[in-house]
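Several structures are given next for inspection.
What follows is subunit A paired twice: with subunit B in the first complex and subunit C in the second.
Showing the complex of A and B:
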């Protein structure tokens, strides 16, 4: 799907993201104009900032970390010891907060939420999806994680423990999903294509090898 | 944990509340949302906003009714504006006047 943001064009909004009640949208636009006029930042700095935010994407950032962890035992050990340092060693900025890698195993499935707001490893995964910030996800995943995961098509076997991690301003998480079966001998680039944003939040599994 | 067992710490504390199914569809941001998103980063870089705690405090101070009524980036716009007013960078009057002007501009176009 292509998006042309120069023409009026709006997608249907989710319930937690209603049509802007115009006064707050206007407030945001007004604030931006005034800050530029007062020289707090320039229009060019705003454009660069948006580009910088949007240059972080799952394929070039988070997925590379997971694929490397699947391939390289030394990297996995480093990731366990100090995730931020290990991520930096790949040339990826881990962000300004603590970061912790949560490894899924055949016995344990990890899933991440921020019940109080929207704390998220934006430096690894980009902007959080709308559902991550929604009331429904934040309210329910801590109480009935299996039911919420099932809504993502992810049925967790009853003998697998589900651990829910509540992010905060100082500590963010990235889930290392289970390596899909049948990927022996694959390269990091091939493996990275199986790693999705949702699998690193923990709501889904990595893609199956056949899906690549 | 179920709702009622642990007191909520504020309007933003959704943990354990009752809620409907999760809408897992994607949502593309409108341009004004991308701008508001970037403003928060720039306010931090330029030292207008001291830290993220200040930004969150202004969101949590919206109160339960406003918090639940506003969309995500509407809350951010409200918080960014409150931060700038508190820092003395803009006044409420300037914001109101400019917002009215923009509304008039978009009506005319």
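Showing the complex of A and C:
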């Protein structure tokens, strides 16, 4: 059959633009359309919110907090006392949830998961990576954290405690990775470049000084 | 408000079914742990999820549980552990 456009017909959906694949997804689409139709929020407000969340830049948010904590003992003390307040003092919006900074030490390595859904400090780290939301990560990192970390290339020495934090309820967590060796005298901007999203979730270490 | 538990205290996480939405995952129910931190009081998710008041707010405890206690077949190190947030009404003293 030749492909002409004399009669209207539907083209197959592109793989990157799928129709809702489940009844729940369809329900979500319908609910959203109804909320807009009833004026609870506008389509533009929804778009703006998505844009805001997607614009959060790890380098200008989370990484600055970590670099500051590495450099400034007073800031680190403030971060321990009330992380949200300390983050606000840097001019960074910590979001509406309680925040806790988890300091890695030579004795303890912290890693964060939300086993129940995908709770994540979006205002500091942006949107969570797909693997963070995957059932495999959520189920496995609480049960076999060392194996999961090893898959991220992060082998934790046996004399270091691995501490998993299930972000199951009201708090959001940011890991403060260990400051890389050989960074004495570095500026906050230089240090921040070593701080990656994954190191603040705790699946990796900060970048080595040679990698900058 | 006064908190029922203090840092360092041994507690057991409630081992009960709750038909409604709640934030205590099955894998920690009935497990024993130690309170490591008290967090700001929050409403109860079982109620808030259904637009009920969630009041009175409850202290949230961060409870540390030993990994080998959590998983009998745990393959990691004996000193590995997990921390989780538990509302006060889900904790009992040991």
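Following the convention adopted for this analysis, the second predicted complex is superposed on the first by the 173 of 212 C-alpha atoms of A that agree within 3 Å, B and C clash if a C-alpha of one lies under 4 Å from a C-alpha of the other, contacts with A are read in each partner's own complex, and residues count from 1 in each chain.
In the analysis below, contacts are C-beta pairs under 8 Å (C-beta built on N, C-alpha and C of every residue); 3 or more make two chains touch, one makes a residue touch a chain.
Because the structure is predicted, anything quoted here is derived from the model rather than measured.
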item	value
First (subunit B), second (subunit C), both or neither touched by A:143	both
Subunit B versus subunit C as contact partner of A:152, first or second or both or neither	first
First, second, both or neither for A:50, with subunit B first and subunit C second	first
Contacts of A:171 with subunit B and subunit C, given as first, second, both or neither	second
More subunit A residues in contact [subunit B versus subunit C]	B
Contacts of A:29 with subunit B and subunit C, given as first, second, both or neither	first
Which of subunit B and subunit C A:135 touches, first, second, both or neither	first
Partner chain(s) touched by A:38 [first = subunit B, second = subunit C, both, neither]	first
Which superposed partner A:116 touches (first subunit B, second subunit C, both, neither)	both
Which superposed partner A:163 touches (first subunit B, second subunit C, both, neither)	second
Residues on subunit A lying within both footprints (that of subunit B and that of subunit C)	115-116, 142-143, 166, 169
Residues of subunit A defined as touching subunit C within the complex	98, 100, 115-116, 142-147, 158, 161-171
Residues of subunit B defined as touching subunit A within the complex	1-2, 9, 12-32, 34-39, 41-43, 45-46, 48, 52-53, 56, 59, 68-74, 76-78, 80-81, 84, 89-90, 94-95, 98-99, 101-103
Subunit A partner contacts - residues on subunit C that touch it in the complex	23-25, 27-28, 39-40, 42, 45, 60, 62, 64, 67, 70-71, 74-77, 79-87
Subunit A - residues contacting subunit B, complex	3, 5, 10-11, 13-18, 20-35, 38, 40-41, 45-46, 49-50, 52-53, 115-118, 127, 129-131, 133-140, 142-143, 148, 151-152, 166, 169
